[in-house]
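Okay, so subunit A shows up in both of these, paired with subunit B first and subunit C after.
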Partner chain A sequence: MEPLLEVKGLQKHFPIHSGAFRKVVGHVRAVDGIDLTVYPGETLGIVGESGCGKSTTGRTILRLLEPTGGEVLFNGQDLAKLKKEEMRQVRKDIQMVFQDPYASLNPRKTIKQILLESLEVHNIGTKQERMQIIEEIIQVVGLQKEHLNRHPHNFSGGQRQRIGIARALVLKPKLIIADEPVSALDVSIQSQILNLLKDLKRDFNLTLIFISHDLSVVKHICDRVAVMYLGRVVEIADKRTLFENPSHPYTKALLSAVPQANPKAKRERIILTGDLPSPANPPSGCTFHPRCQHATEECKKVAPQLQDIGGGQLVSCHLYKELFSSQH
Partner chain B sequence: MSDILQVQQLRTRFKTDQGKVSVVDGVDFSIRQGETLGVVGESGCGKSMTSLSIMRLLPQNGSTEGKITFEGKDLLSLSEKDMQKIRGNEIAMIFQEPMTSLNPLHTVGRQIEEAVLLHRKVTKEEAKKRAIDMLKAVGMPRPEEIYGEYPHQLSGGMRQRVMIAMAMACDPKLIIADEPTTALDVTIQAQILELMQKLKEQTGTSIMLITHDLGVVAEMCDRVIVMYAGQVVEEAEINQLFESPKHPYTIGLMNSVPELDEEREYLETIPGSVPLAHQMPSGCRFAPRCSKAMPICSEKQPDLLDLGGQKCRCWLYAEVNE
Partner chain C sequence: MLFVVKRLLLTIPILFLVSIMTFSLIHMIPGDPARVILGQEATPEAYQALRTELGLDQPIVQQYFNWVGKVLRGDLGMSITDHVPVSDLILQRLPATIELTIGTFIFALIIAIPTGILAAVRRNTWIDYTSSFLALGGMSIPNFWLAMMVIIYFTVEHTWFPSSGYVPFFEDPKANLMAMVLPCIATGLRESAVLMRMLRSSLLEVVNMDFVRTAKAKGLNEVKTILGHVLRNALIPVVTTSGLMVAGLLGGLVITESIFSIPGFGRLIVESVFKRDYVTVQGAILVSALLVVVVNLLVDLLYAVIDPRIKSGKGAD
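Our next item is the complex of A and B:
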């Protein structure tokens, strides 16, 4: 299958300024050379802890942040090289759903204005057709036509996230990037939104990049999952392989750290020591080595590359062979 | 084992523009010596207000009725001076946001010492030693240096360790931890939960753990109360709760969370959302969202029924009891 989106060596470095003349004294390597492929109709999850660069990745793909290097191929075009106006056209096909449904809707506008805006910007349909589209979409996300004349403050968190999803859907995009869309919601509301996303995916044949820190949620909604650590992808595999057979030591630790709602489950937990190193000054070699219980001399010096270990599972670890064989 | 804390018919109200609004409405529970009691519920269920009521730290417009007995003392009738002797000394609190609850202008060491100097007859040197010992106990690297550092120099996980060190500094008999790991990443959360478990085993402190995360509850708690809209709707031993949850809200909550070790196409949902504090339904507060609701549910409030160790506020179990 032809991929819908191919990200090659994507980088986003933020300069660190210091002193009276705001001289650049270093860079935060938020995203440091990542490769991702997204196929039509699939949901790719990007997981990782805070500061791993997962949100920056999403924003850089859409060029809400300008990439420092690398290519973003969408439908054969390199988005990183497009002019502003051309990029604006592409945004019709790639939409975003944000984490905070309180901050991402303009409080002064009615829901109608919010939803019409993107249709107007992209000159789609006549006035009547636009109204028809938004009346349809608002019902698709589980709200009613009557809600269109209200303002965001009239809605609960879950309803606002439905509006955020409706806004992303009105343009019938080919790809939606959802950045922690359920993290701000209570669990009983979270499940409503997750089910809605699953329905939409099926009904509209959506392709989704789902960015989240919550592994259980990612497992529930995604087809393939990429695990990020310190600006890099350390493992990528289809969901079942990743959760049943994690091969990178970080993925293993991450999975074992999730508390299970079962008081009788006794699992072996891998407790990582220390904190995430600063992306402004990442460790040498494999960036995970200071926290890795298996680290060798090689890991301290040489950065591993993502390599295919079979079955579409890619792992960036020097030791995957040893660790992998000890598992079977 | 004896109860260290007893809360009876706790009612917490706020004066607002909409009139008096009650956010905690007739809550009863107790915490035994050395036990970890989980308090579970979603935002707005009153779990944090319950803990602030116990500590008597409510905002100005809040008022409390009922009885809170801590080691034989009625906390609500104590003078503010006597309450200060308990707060931070016998009952300590750990908050969710370590950045906003630590003072950015004071060193870590000074903040840990503060409680020790206030509650114990110690010299400055002894207090400093205690602070450094506490930093060691919570697993901080280079405790002597961190003693002199400021909160902004530490990561989120380290700050939460400092909060725990502060709370433990006076050997409290009860620690109230309000979402202590919610702001942390999972791998750091695992570190902090392990630390809390270890400290509890060493000191025998009771813990009241407030959280929305059922996974954290399953891992940490001995007993659980589930709160909804300002009331306790279920109370059970940990295994009872997960093996046979009784209240439709508890069941809904459990089924709406995706789990790592199971595969489900759709998650169960609880339709609608939590009622607002000034628009509480007159019958059972969960009735408008409940799939099992009967006519009586919207007419009369159910009591918290004792079902043999497990308690549940639901009309479904009313006949069984009568």
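Our next item is the complex of A and C:
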């Protein structure tokens, strides 16, 4: 199957300025060479701790942040090379659901204005058709037509996120990037929104990139999962393989941290020592080596590449073979 | 609508306080208004007669209500020195000042809005630095000096505009507007600098907000994002400053009015103070305070138009 989105070696480095003349003294490597493939109709999860570059990846794909390097092939077209105006046209097909439903809606506009604007910008339909579209979409996300004339402050967090989803859907995009769409919500509301996304994905045949730090959320909604560490992807696999058979030491540590319902279940807790290193000055070789209990001399010197270990599972680790075999 | 009614009701206690303060002014004069009006050599009979005429022999609360009653009928008393009704004096002087205020404000906006937006959008580029430098200059240059420079350039070097003189608008609109151009430039430049800095910093706060990113993700271009999403959210502080500015200008254009020989309201106040015309000062201060109250009311109503959350009482968080 042809991929819908192919990200090759994507980089986003933020310059660090210092001194009176704002001289560039270094770079924060927020995203440092990421490869991802997203197939039509699937949900790809991107997980990792805070500050590993998940959100930056999402924004850089959409060019809400300009990439420093790499390619973003969407339907075979490199988004990173498009001119501003061309990119603006493509935005119709890739929409984003943002993390903070409070800040991401303009407080001065009514829901109607917010939803209509997307259609107006891209010249979709006549006035009546536009109204029809937004009246439909607002009901699809579980709100009522009467809500259209209200302002964002009249809604609760969950409702606002429904509006955010409606806003993304109204353009009938081919790809939606959801950047931590439920992490600002109460747990009881989270599941409602997740189920809404799941239903919409089925009904609208959407392709979804779902960015989250919450493994249980990812497990609930995704088909495949990419694990990020310090601006890089360390492992990608389909959900089942990843959760049952994690191959990167970091993935294993992450999974061992997921709380389990059964207190008697036997599990081995892997406690990572140390903090996430600074992306301004990442460790040499494999960036995970200072926190990895298996690290060897090779890990300190040579950066591993993502390699296919079969079954669509890709791992970036020198030791996966030994670690892999020790499991079986 | 409820908000408007509420806000209107709120002005009643303010106006009450203003009236008490203005009323007490005449009683704060050392000695006695009758004595001041008649001078030291007046006979006791004449003095008593004037006291009765002015109502000064009545209890003070009675005096206050008499005065308020007159004010409400538009009677602000007779000028001590000019012997004409104070309301006439004020009505003669106010139009010129209001025109000058509006002109100054419009000129300030014309300069401030585009430069403020450009400086914020192109932050840390030469456009930002140049406009910030000019704004600093605009704020530092004294008003009267700029007024004289403008006169020298536009009327002495080039005879484009008249240097002074005022013609009422309804007598000769063209001459009136021509005479107003230079005063408006001279005062407006300074005010524009204040507004421009205000707009810039307020825009910078909004420009990094999440919903601006949302607008970009929707596919809006830069111009539409700035005008449609950023500007309106950045307007509140600018409107506040504008309100203070307009209120200040209405009573404080003395220097401009003096330099350009405009018979304005600010000059009326200052002249009356020098002539010790207490009745005129009292009336002018009352009107001036009233104007400030009205401007503030307008600003508050404008807030509600700009930010729907204010109307519903949720506040601009």
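A few notes on this one:
What we mean here is this: the second predicted complex is superposed on the first by the 327 of 328 C-alpha atoms of A that agree within 3 Å, B and C clash if a C-alpha of one lies under 4 Å from a C-alpha of the other, contacts with A are read in each partner's own complex, and residues count from 1 in each chain.
Going forward, contacts are C-beta pairs under 8 Å (C-beta built on N, C-alpha and C of every residue); 3 or more make two chains touch, one makes a residue touch a chain.
Nothing here was measured: the structure is a model prediction, and the numbers come from that model.
When the two complexes are overlaid on subunit A, subunit B and subunit C sit side by side with no clash. Rounded in steps of 10, the angle subunit B-subunit A-subunit C defined by Cα centres in the superposition reads 80°.
After overlaying the two complexes on the shared chain, residue contacts for A:76 are found with neither subunit B nor subunit C. Legend: residue contacts after superposition of the two complexes on their common chain; A:19 is shown touching neither subunit B nor subunit C. With both complexes placed on chain A, subunit A has more residues touched by B than by the other of subunit B and subunit C. When the shared chain is aligned, subunit C comes close enough to touch A:62, but subunit B does not. Superposition on the common chain A brings subunit B within a closest Cα-Cα distance of 11 Å of subunit C. Of all residues in subunit A, those touching subunit C in their complex are 22, 59, 62, 64, 84-85, 88-89, 91-92, 95-96, 98, 100, 103-109, 117-118, 121-122, 151, 153-154, 167, 171. Of all the residues in subunit B, the ones that touch subunit A in their complex are 42-43, 155-158, 185-191, 193-194, 212-219, 238-239, 242, 252-254, 256-261, 264-271, 273-274.
Within the complex, the subunit A residues that touch subunit B are 49-50, 156, 158, 186-192, 194-195, 198, 213, 215-217, 219-220, 243, 253-265, 269, 271-272, 275-276. By the touch criterion stated above, subunit C contacts subunit A in their complex at residues 124, 209-211, 213-221, 224, 228-229, 232-233, 306-309, 312, 314.
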